[in-house]
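Several structures are given next for inspection.
You will see two complexes here that share chain A, one where it goes with chain B and one where it goes with chain C.
== the complex of A and B ==
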């Protein structure tokens, strides 16, 4: 026992594996977490110990938040930043402020690892829908292999797919809390293999009477760059970009230094150079130019120019451009549109 | 002789003890006992709408057919060629039947588009 206690104390000093559920206007919290060495921001709740809920989560996304909460493996804990845990249906969660967040995370993580804290799941313990077959063992009925197993129909092909074969198309709705997607974005996809055959993008708008968030104290372009770098696996550079994003009086030399490190054929350009070009109003067609624009904007605000808020894009126009892409390319493309999509989640754009 | 038996007995005993000790470490987790909502796949907040049982195209299948139709055919034809003169007409008929059956595979492959260059 003494050995286990000692091991738990050692485990408690490890970086806190954190999954971030981002609401509206949470770029500052995300940059704080990426920038801090005591925190390890994971791409999936399955790899996390603590779930951080940041920003304004609309009432329409509370049920989805509960599902993400349960997907953090036990023992888990939740920390809500500048919000009300009761409104989010997470009664066991700890409420904290942005300034005290990382210290609170370290405390909560130690409590979880030493076995003093475990938030119970909030979702149902059993599948609300039974297996619905007609045979004595639940087999038989409608569908490819019979029945509607656990309330879900079999994936059946609606049409003959892109290669002339009638294979099953995987229909998925991902988001609004998927870490690889811009915040509050839901993507409904029909996949055949790894190619997107049908795409629909939806944003979850803020609640009508939600308080207007204060202007974000971080550079949202650099936060988007940090997320893009983390997405392609350049974690150390993502930390650098996030630190730069939350520095109020950043120096133009630091922005230039970051650009020198990533704007190389074997740097971030390896991930974005061969993405499909986009034809969207107000958006650079070349994917690499889009993150170069973020760096240029950060450099110009560093020398005192006014910051230009990103223009929202029409989600249906973005969706039309994603059809036919491979999944990885589509995810990267959406990541290069992060500031615009975040803007359209708050104030949707009308398609031209 | 007795020494050999003793070695077997000691090895068996040690193995059983080790396996028993490992088995007593912990139960195998039973997935049906898990809290249901914690077992859903991670989609960022949504439940899957269709079942995960999904038909995929076995992409290696045309390639396997090409190999069967042309490579294996030749493999059988070499020993056949050695005994062909000896056996005579019967061997010709047998190989004809074999090739006819194989050509069905080639026809199927043709229909699947396995012979078109992509």
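== the complex of A and C ==
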């Protein structure tokens, strides 16, 4: 026990492993967390000790937030930034402000690790839908296929796929809090292997009477760039981009320096140069050009030019272009559309 | 050095292999933290860089592993063990000093190649076991990558065996001492083998199974000691392949003044730091692009490399 106590005391001083559930208008909080060495932003809630809820979470997304909450392994804690935990059905959560967030996280993390704090699950302990499979592995009643165990369809290939192989088809819905997707985006896909056969995108709009958020104090393009860098495994460079995003008087030289470090064939372009080109109104077709636009915009605002808000894109048109992509390509493509999708969530675009 | 290596008692050998993997993993973990802070330009707080990863390890040790929906617990536990086992198998056939290895088998490069193939199985099972979609997609992706880099590895290792006229890794080191190091006489081999090292150890631009774009893929559902075991496996595998790179291309323990094991350690750490640095500066390549480049560029290059090495060996 003495060893475990000692281990817990050391663990309490580790960077806070944080899963971030992003609502609308939470870029500033995300940039704060990415930029701070006392925090590790995790890609999966399973790796976190603390769930941070930031931005406006619409009522329609509260149930999904509860599921993410319960995916953080117990003991866990939740911190809500500039919001009301009760409205989010997270009564045990701590409310704090953006300015006090990281200090609060350090305190809450230490309490969780040393056994002084544990937020109870908000959902049922077992699966809410009864097991409906038949047989020892729940595979249903038709050989290896068939049946709808736990209410989800089994993998059944409707067509022969990309390689002439009839791989099991997998239907799943992810979001609106999946860390690898832009905030408030829900994606319904039919997967064959790692290829998207069917795609439907839905943004969760703000509640009708939600207060209008104040103008974001960070550069949303650079926040999007930080998330893109994290998605291609360049977490350290993502820290640099996030730090730059939250610097109010950033210099154009600093933006240029960041560009020199990432805009090279073996840098970020190794991950984005080969993504499919898109044919969407108001969007650069080339995926690399899209994040270059963010850097150009950050450079121009650094010299005093006005910031141009991104135009929304029609989610059904984006979805149509994702069909046939490999999962990782689709995730990166959506990441390069983060500002446009954020705009669409607030003011949906009409298909052209 | 004749290439004939002495072997210790099997129990001592097992202790040595475990020691090499533990020390190597500690060095890789430390190097990763220091390089990450350098790249992030977090300032010059070296102590913070050195301490932070050990605190993360302590955190992992006190966190639980939650259950997913109907996981295959047996495979979930066995997969990291199998992956570490493959790293250990690779280390066991590599010369660890001037005249000794844990197991000096005459077909050392075949054992090295087998470790890669079986590592592919371990990674796939690690993605399969949690019964979770993104973990499974990571596993699919690694199989596609594995089929691409395994042939590459085979041709590079066979080319290294040609001048030695033996598949023994001890003999390959001896032939580099008698002639030139393979990094000089087979210059294509080193970069091609580094591609294999990054791929099989799931690191940097070639981390196909555990990419952040899949919410960390096969490890997305793992937490606590289970996650720590997998991360240990990845770094142990990186250690094993950095060691293999040092042996096959940099003449392993050969060098003046210092004892053989010290030269081997210096070269291995240098290769490991290069691999870690790649992970922080090179973006992850898309799987389709990786497979295309592997089959249309890297594999023909490895054929060419083999042909040139064969002609050079005959000359």
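To be clear about the criterion, the second predicted complex is superposed on the first by the 315 of 352 C-alpha atoms of A that agree within 3 Å, B and C clash if a C-alpha of one lies under 4 Å from a C-alpha of the other, contacts with A are read in each partner's own complex, and residues count from 1 in each chain.
Methods note: a residue touches a chain if its C-beta (ideal position, glycine included) is under 8 Å from a C-beta of that chain, and two chains touch if they have at least 3 such contacts.
Just so you know, these numbers come straight off a predicted model, no measurement behind them.
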Partner chain(s) touched by A:91 [first = chain B, second = chain C, both, neither]: neither
Chain B or chain C, by number of chain A residues touched: C
Partner chain(s) touched by A:170 [first = chain B, second = chain C, both, neither]: both
Chain B versus chain C as contact partner of A:73, first or second or both or neither: both
Touching partner for A:217 - first (chain B), second (chain C), both, neither: neither
Touched partner set for A:178, first chain B, second chain C, both or neither: both
Partner chain in contact with A:285 - chain B first, chain C second, else both or neither: neither
Chain B versus chain C as contact partner of A:46, first or second or both or neither: both
Residues on chain A lying within both footprints (that of chain B and that of chain C): 44, 46, 71, 73-74, 127, 150, 170, 172, 178-179, 193
Residue ranges of chain C in contact with chain A within the complex: 35-42, 48, 52, 54-56, 58-59, 61-66, 69-70, 133-134, 136-137, 140-141, 144, 204-205, 207, 211-216, 219-224, 227, 279-289
Chain A - residues contacting chain B, complex: 44-46, 61, 63-68, 70-71, 73-74, 121-127, 144-145, 149-150, 152-155, 163-165, 167-168, 170-179, 181, 186, 193
Contact footprint of chain C on chain A as seen in their complex: 4, 7-8, 10-11, 13-15, 17, 37, 40, 43-44, 46-47, 49, 71, 73-74, 113, 127, 138, 150, 170, 172, 178-180, 191, 193-194, 229-237, 239-240, 261-262, 266-272, 274-275, 326-329, 331-332
Touching residues on chain B, where the partner in the complex is chain A: 35-38, 40, 42-51, 53-57, 113
